[in-house]
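Data first, discussion second: the structure below is written as C-alpha cells.
Naming follows writing order (A, B, C and D), and every chain is counted from residue 1.
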Amino acid sequence: MQLTDVLIVIAEVSFVLMVSPLLTGIIGKAKAWMQCRQGPSVLQPYRDLWKLMRKATVASREASWLFFVIPYVCLGAMVCLAVMVPVFNAGPSGGVGDMVATIYVLGLFRFMMVLGGLEGGSPFGGMGSSREMMISAIVEPTLLLSIFSVAAISGTTDLSSISRFFAALGPKGLSPTLFLASAAIFISLLAENSRVPFDNPATHLELTMVHEGMLLEYSGRELAMMEMASYVRLTMFMVILSNVFFPWGIALGTGAGELLVGVASISLKLLLLSVSVAVVESVMAKMRLFRLPNLLTVSFTLSLLAVMSYYIL
Amino acid sequence: MSPAALPSLMLSLPLLGAVLAVLLRSERSRVYSYLCSAASAVAAAIWSVQVLLEGTASLVSDAPSVWGEYAIRLDPLGALVLLITALTFACVAMYALFSREGVTARSALLFNCFVLSILLAMVADHVLLLMIAWEAMSLTSFLGAWGAREDEDTIAGWRYLAITHFGAALVIAALAYLAVSSGEVRLSEMRGLSALIGPGASAAVVIMLFLGFGSKLGLLPFHIWMPDLYSRSSSTVTALLSTAASNVAVLVLVRVTFSCVGVEEQYALSLTVMGLAALTALWASWQALVQRDGARVLAFSSMENMGLILLTMGAAMLFRAYGAAEPAAFALMAALFHLINHTVFKALLLMGAGTVRRAAGEWDLERLGGLARGLPGLSAVFLIGTLSVAALPPFNGFVSEWAMFKALMHAEPIADPLVRIALPLAIAVMALCTAIAATAYLRLYGLTFLGRPRSAGAERPRPLERSELFPLLPLALLCILLGVASFPLLEELAAAVSPLVGAAGLKVVEGSSINFLHQGGLDPLGLSALLGFGMLVAFLIVRATGRRKVERVDTWDCGTPLDRRTQYTPTGFAQPLLRVFQKVYRPQIEVREEPRPSEYIRAVRFEQRIPEPFVDHLYKPLTAGAIALAMRVKRMQSGSIQAYLTYIMVTLVVLLVALR
Amino acid sequence: MIEALLLVPLFTALLCGLARSERTIYVLSAAGSTVTALVAFPCCYQAFSGPPLHRGPWYLDPLSALFVLVIVVITLLVSVYSVQYLQHDRREGEVNVKDLRYYHVLLHLFALCMLLVVVVDSLGLMWIAVEGTTLISAFLVGFYKKGEAIEASWKYLIICSVGITLALLGIVLLYASSMAALGEGADTLDWSALRAVADQLDPALVKVAFIFIVVGLGTKAGLAPMHTWLPDAHSQSPTPISALLSAVLLNCAMYGVLRVHILAQAAVPGFSSSLLTFFGLLSVAIATAFLLTSRDLKRFLAFSSVEHMGIIALGFGIGGPLAVLGALFHVVAHSLTKTLMFFGAGNVIQRYRTREMREIKGVGRTMPATASLLVLGGAAIAGSPPFAIFIGELLITAGALASGEYLVAGLFIALMAIIFAAMTYRVLGMVSGRPQEGVPAGELGALRLMPMLVLAAAIIVLGVLLPSALGDALGSVAELFEVII
Amino acid sequence: MGQLVRSFAFQSLMLAAIAAVLAHYTGSEHIYVVAGLTLVVKGLVIPRFLIYSMDRLKVRREIEPLVGIPASLLISGGLVIVAYYITEPLISSAETVTRNCLAVSLAVVLIGLFMMISRRKAMTQMVGLLMMENGLFLGIISTTYGMPLIVEIGIFFDVLMAVLIMGIFAYRINQTFETLDTTFMRRLRG
C-alpha cells in the first residue's frame, strides 16, 4: 500500500465527512421546494453541529458509563466504514474488509445506538430501540441477500473489485438481478436511515418516531456526534448503492484526471440519490408502524428474487 | 518425558479431585479438588499444544475391556478444540470456586467427574470408550444440574436425561453398526466406510448420528429440555454443558461423518441436514427473543449457534457431494472456528449471568435493570460477551460468522440450479437468525444493565469481590484475541480439516487478511485498528473543541415523574417483532379489566403466554399415547389365577400347533 | 468338593434351625454363606480353567460355574443384608424368633436347592431341584402371613408347578428323542451324555421338547406371558428374598432353558434360538408397558426383572459371539444391579412403611446415602453407562446388528429408551421432593448400606473394565454355545 | 368333590395298571417299581390326604365352575384332538405299543390344565395339577419305558411334597379368606 493510496483513502474519508451533512441539507431543501416552501439553508446541518459542539452536555442520572462511550463508537464505526468503502477511487481500500464486513460495521453502529436508546430508561428510548430492532431484523437479511446476488455475478464480495467489475462491464453489465437488488437496497436505505415512510426525522411525535426516540437523551457534543454519525451512515449507503450498482466514472487508477472524474461522478450520483430520497419523502406518507413489515418484506422478496433470477435465468 | 505423561495426568487429576472431594470434608478440600480439575485442564492444554507441534498422539491402554483395548487419540483438529475447551475449563473451575457456587462436596465431586468424562469423550478413539464417556457426561451433568432436588428441578432434569439418552441410543446403534460392519473398534481405524456399507446405510447412520448428538445440541425437536435445565441449574454446570459438551458432539460428528463414513454423493442427506439445522436456528432465535429469564435466552442462543454450525456443516457436506473439496474445507473450517468462539463467549456469558443472579438476587428480566451503574466491571465484561455473541466487530463471533457467510457464498461448484438455491436460502436464514438473535442479546444486555432498576434487588446489587470477576477476564481477553489475531488458529484449522474432505492443504490467509479463492477478504486486525482509529479521530475532534462540563439531571419525563414501571419492559421490547412473527409465536394474550383505582384511571391487566408447540403437539400426545397403550396391556395382570393359567395353556398350544 | 459346596448350606440350615438366640442365627447364617462362597470359588476356578468337573451325579462346567458364583455371592450379600432388615421387623413386632429361625433355615435350603439345580448333570435331577426351589421359596414368599402374601404364594406355587410339570414333559420327550441315539436302556438323562450325541437327536421330538421346556421353565424364569406370578411373589416376599428370587432364582430357571437350548441348537439349528428371541422381545415389550404404569415399588422392580430376563433370552436367541457374550455378561450384571435396587427399595420401604411410589418422596433428604445408591442403581438398571448392564445391552445390540437382525435391534433400542425414561422418572421422583411429615430421617444401619456399596462398586468396575479372569470365564462359557470369542 | 378325588384315584390306579402291563411287556423291572409307587402314592396316599384335608376344611361340594359342564366337555374333546394333531408326527418315531399313549398323555395334561383353569376351588386346582402329573407319567412310561429310577423316585417325592405344601397353603387360605374359592384372591393386580 503506497503513500498515494493512503492519501487517497484519507481524502475519501474527509470527503465523506465533509459532504454528509450537506446531503441531509440538500434533502431538506429539496423537500421544501417540492412543498413550495423556502426551507432551511442546505448548510443548516453544519450550523446545528457547530452549535451542539459548543453546548454543555446534559445527561440522565440513570445513564451509565456506556452512555458516554457510545457516540465515539458510532462515529468511529462510520469513519471505519468510510475507509472500507471505495468512494471515488476503486483502489486498494477494500483490503480491510469486504462487503459482508461493512454490513457488520453498520450492525455495530446500530447495536450501540439502540443500547444508547435504552440508557436513561425513558419510555421514548425503549420505544425507539425496540422499533429500530424490528426494522433491522428484516433489513439485514435483505442487505446480505442483495450482496450475495452481486457477489454471484461478479464472483467476489470485495467492494472495489465489484466496482471495477461493473465499471469495466459498462452498461451491458445491467441485468434484472442488478435492478432487483438495487431496488431492495434502496428500500433498505430508507429503512436503515429512518426516512419516510419508515420514520419521520422531522418530528418528535412519539407515534412515529424511531430514530429520534433513541437520541432523545443525548445532548451537546454527544448528540452532535450521533447526528454526524447518522449523516455519514446515509452518505455511505448512497455511496455503496452507487458504487456497487452503477460504478461508472469511478477512478480505476490513481491519475489526477481519473480522480477528478471520480469525485465529480460520485458527487453527481449522491446529489441524484438525495433528490430521489426527497421525492420519495414528499410523495409518500409515513406508514403505520405495523404496516412497515409488509414493505420490508417486499424488499426482502426483491433481494431473494434477485438471487433466484441469477440462478434460474 | 514419556508421551503418556500428559494425557494420563489430564485424566487422572480429575479422579484425584473427585476422591479429594469425597474424602476431605473440610472447606479447604474443595479448593484442592477444583484446583485438580483446573490443573488437568492445563495439562490438556499443554498436551494439545504438544500435539499441534508434533502431530497426532495416540495411546492404547492395556486395561482389559469387553471389546478390544481402550484407546485415546488426539489429532490436530481435536487438539485445537481441546485447547480452547481446556482454557474454558480452567476459568469455569476458578469460577465455581470463587463464586462459591460449587462449595459443597457433592458439586465438587460431580464437577470433577463431569470434567473427566468430557475430556475422555473428547479424546476417546475406542467406540465403547466414547459411548461410556458420552453417557457419563449426560449423567454427571444431570446430577450436577439437579441441585435443589425439588420436583420441578427433577422434571426439568429428567427431560434432559431421557431425551439425551434417546439420542445416545441412536448414537450407540450407529457406532455399533459401524463397528460390527467394519470389524474395527477404533474410530481412527474406520476410513470411508460408505464404500463398504453402501450409500443408503451410510446415510441412515449419519442421520442417526446427527439426531443423536443433536439431542445434546438442541436440534429440533430435541430442544425442549434446554431452557428449563439452563434456568434451573447452576451456571457452573450450564457453562460446561453448553460449551464443552457441544464441542464434543460436533467434534465427533465431524470426525465420523467426514472421516469414518465419508459422505460422497449424499445430496439428499446434506440438504436434509441443512434444512433441519436451519429450522433449529430459526426457532431458537425466535424463542430467544421472547424469554423472560436470562438463562433461557442463553439456552436458546446455544441452540441457535449450534444450528448455524450444523447448517454450515451441511453445506460442507453438500460441497463434498458435488466434489468441491476446497469450499467444503472452508465451510468446515468456518463451522469449527465458530464452535471454538462459541465456547469462549458462551462460557463468559453464562458465568456472567450467574454472577448477575447472585449479585442482584434476581434473574427475571422483568425485575432487573440499571446494573451497569452498580457493577461497572461486570457490565463491561458482559458487554464484550454480548457483542461477541451478537457477532459484531471486532470480536471473535464476528470473524467466524463472517467466515460462515463467505462459506455459503460458493454456489458455483454446484451443478444443479435447484440445489444451488439452497445456499442463498441458507444465507437468508442465517441472516435472519443473526438479526433476530442480535435483538435478543441486545434485549438481554440492555434491560439487565441499562435503564432504571425494576426491583429492589437490582436497585442495590451486592458489590462483587474482585475474585468473582477474575475468572471472566481471560475469556473476555480471548474474545478479543480470537477476534483480532486468529490467523494461526485458522491456518491450523484449515490444515486439520482439509484431509477430512479430501482437499489439498487449504490456503485461507493471504497477506494480512483472511481470503479464500480471492473472493473478498477480511483483515480482522486492520478492521479493529480502523475502528480504534475512527474512535480516535472522533475523540480528537471532540477534544479540539475543548472540554465541557457534564450536568446530571432526571430523564426527560414530559412532566410526569417516571418510576421503575414507566419504562419499556422486556415483554414490551419484544412486542413489535412478536407482532411481525405472530404466525410463529401464536401468543395467548389475555387482557383483563381490573377495578379502577379512581374513576379517571382504567386499570388493565395484561398477560401473555407463548405456547410451546413441540411440547403440546409432539411430546404430550406421544407420552399420553404410550401410557394409554400400557394401560391396555396392564389389564392382562388381572389378578385371576385362572387367567394366568390360561395364558400358559394358550401359549403352549399355539406354539405346539404352529411349530409342529 | 462339590459335595462340600452342597453340604455347607445344608448344615447351616440345620444349625440355624437348632440355634436358640437371635445373634447366633445371624452369625451362623452369615458365616455359612461366607464358607459356601469360599468353597465355591476354587471349584469354579477349576471349572473355568480346566475340563468340566464330572464326578458321580455332579457336573460342573463353566456355565454352571458362572451360575454357582452368582448364587453364592448374592446369597452371601442377602444373608448380610437380612440381619438388620429382620432386626427392624423385630422392632416393629412383625416377626418373632421362631419366624426368624424359620426364615434362615428356608433361606439356606433355598440356596442349597438352587446350587443343586446348577451342579447336577442329570436333567431329571435338575428338574427335581427346580421344583424344590419352588416349594421352599413358596414359604419364604408367604413369610408375612398376611392375605396378600398367602395369595401371592398360592399363585406362585400353582403357576410354577404347572410350568414345571410341562417342563418335565419336555424333558421326557428330550429323553425319548435321545433313545435312538443312545440305544435302548442307556437309561441316562445326563446332559453331558446328551451333549455328546446332540446332533443325532430326533429333530421332531426335540422341537416339541424345547417348546415344552421353554414354556415350562420360562414360566419360572419369568418370560412373558408366563411371568404373571412374578410381580406378586416379588412384591409380597421379604425384600431380601425378593432380591434372591429375581437375581438368582430366575437365572437358575434360565440356566435350565440354556442347557436344553445348547442341545437343541445342535439338533435343530435355529429353532430354539428363534423361540428365545421371540420370548425375549415379547418379555421386554410387555415389561415396558408395566414399567410405565406400575406404582408399587417392588412390583416395578419385579417387572424390570421380567425385562432383563427377556434381554438375556434375547441375547442367547440372537447368538453369535457378541450377543452370547453380552447375554452372559448381562446375567452377572443384572443379578448385581437388581440386588442393589432391591436392597435400596428395602431401606426405603421400611423407612416409609409403604410401597406406593407416589407416597415416597424426598428420600434424598431423609436417607441421603440410600438415595444416591438408588440413583446410581436406577441409572444402572435403566442401562446407562458406565454401569455393567449397559455393556450387556450394548453387546447384545451389536450382536443383533452383526447378525443382520436390524428389526430386532431397532425394537430393542426403542424399548430400551422408553424403559430408561420410565425407570429414571420413577427413581428420581422418589428421591426428589420433600417427605411427608411423620417420616423419620436417617439411615437404617451400616449393614444395610455395606452390601449396597459393594454392589455399586462392582457394577461400576464391570461397566468400565472387564477383569481378565471374568473375561476368560465368560469366554470359556461362550465356547459351550459353539462361539469362540 | 369327593367324587372328584375318587375319580382321580381311579385314574391313578389305571395308570399303575398300564405301568404294570408295560413292565410285563418290556420286562424292565424298574417299571414295576414305578407301578408300585404310583399305586401307593397316587392311588392311596394322596387321595387319603385330600379327603382328610377336605374334611378338615369342610369343603363339601364344588360350586359351579367358571365354564359350564357341556362347554368344558366340548373343550376337552377339542384338546384331545389337538393333542393327537400335535403328536402325529412324533408317534411315527415311537413303537407300536406306545402308539397312542403319548397323544393320550398330552391330552390328559392339557385337560388337567384346563380343569385348573375352569374350576374355582383351591382343592380342585390341586387335583387338576395331579391329573397333569398323571398324564405326565403316562407319557414317561409309554414313550421312554421309564426314566432313571432315581429320577422317578425323586419325582414321586416331589409330587408328594407339593401336595402336602399345597394342602398347607390351602389351609392358610381357608383361614385367611374364609373360603377356598380362588376367584376371590384378586387383590394383587396391575
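Heads up, the rule we're going with is that a residue touches a chain if its C-beta (ideal position, glycine included) is under 8 Å from a C-beta of that chain, and two chains touch if they have at least 3 such contacts.
Note that the structure is predicted; figures quoted are calculated from it, not measured.
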Steps in the shortest chain-to-chain touch route ending at subunit D and beginning at subunit C: 1
Specify the chain with the shortest distance from its C-alpha centroid to the centroid of every protein C-alpha atom present. B
With respect to inter-chain C-beta contacts, which pair, A-B or B-C, contains the greater number? A-B
Chain whose Cα centroid lies at the greatest distance from that of subunit D: A
Distance between chain centroids, defined by C-alpha means - subunit A, subunit D (Å): 100
Rounded Å distance between subunit A and subunit B, as computed from the means of their C-alpha atoms: 35
Report, in whole Å, the distance between the mean C-alpha point of subunit A and the mean C-alpha point of subunit C. 77
In whole angstrom, how far does the Cα centroid of subunit B sit from the Cα centroid of subunit C? 43
Residues of subunit D that touch at least two other chains are 86, 89, 113, 116, 125, 182, 185, 187-188, 190
I need the residues of subunit B touching at least two other chains; which ones are they? 634, 637, 641, 645, 648, 656, 660
Touching at least two other chains at once: which residues of subunit C meet that condition? 154-155, 158, 162, 166, 208, 231, 290, 293-294
Is the chain-to-chain touch network here best called a line, a ring, a star, complete, or other? other
According to the definition already given, which pairs of chains are in contact? A-B, B-C, B-D, C-D
Under the touch definition given earlier, write down the residues of subunit B that touch subunit A in their complex. 369-370, 372-373, 376, 379-380, 383, 387, 390-393, 398, 402, 405-406, 409, 411-412, 417, 420-421, 424, 427-428, 431-432, 434-436, 438-439, 442-443, 445-447, 449-452, 512-513, 518-523, 526-527, 530-539, 542, 545, 548-557, 562, 566-568, 572-577, 579-580
Under the definition above, what is the set of subunit C residues touching subunit D in their complex? 122, 124-125, 127-128, 131-132, 135, 138-139, 142, 145-148, 150-155, 157-158, 161-162, 165-166, 168-169, 172-173, 175-176, 179-180, 185, 187-189, 202, 204-205, 208, 231-232, 235-236, 290, 293-295, 299
Write out the stretch or stretches of subunit D touching subunit B in their complex. 66, 82, 85-86, 88-89, 110, 113-114, 116-118, 120, 125, 182-183, 185-190
Inside the complex, what are the residues of subunit B that reach subunit C? 63-67, 128, 131-132, 134-136, 138-139, 143, 146, 149-151, 153-154, 157-158, 161-162, 165-166, 168-170, 172-173, 176-177, 179-181, 626-627, 629-631, 633-634, 636-637, 641, 643-645, 647-648, 651-652, 655-656, 659-660
Can you list the residues on subunit D that touch subunit C in the complex? 28, 86-87, 89-90, 93-94, 105-106, 109, 113, 116, 122, 125, 129, 132-133, 136, 139-140, 143-144, 147-148, 150-151, 154-155, 157-158, 161-162, 165-166, 169, 172-173, 176-177, 182, 185, 187-188, 190
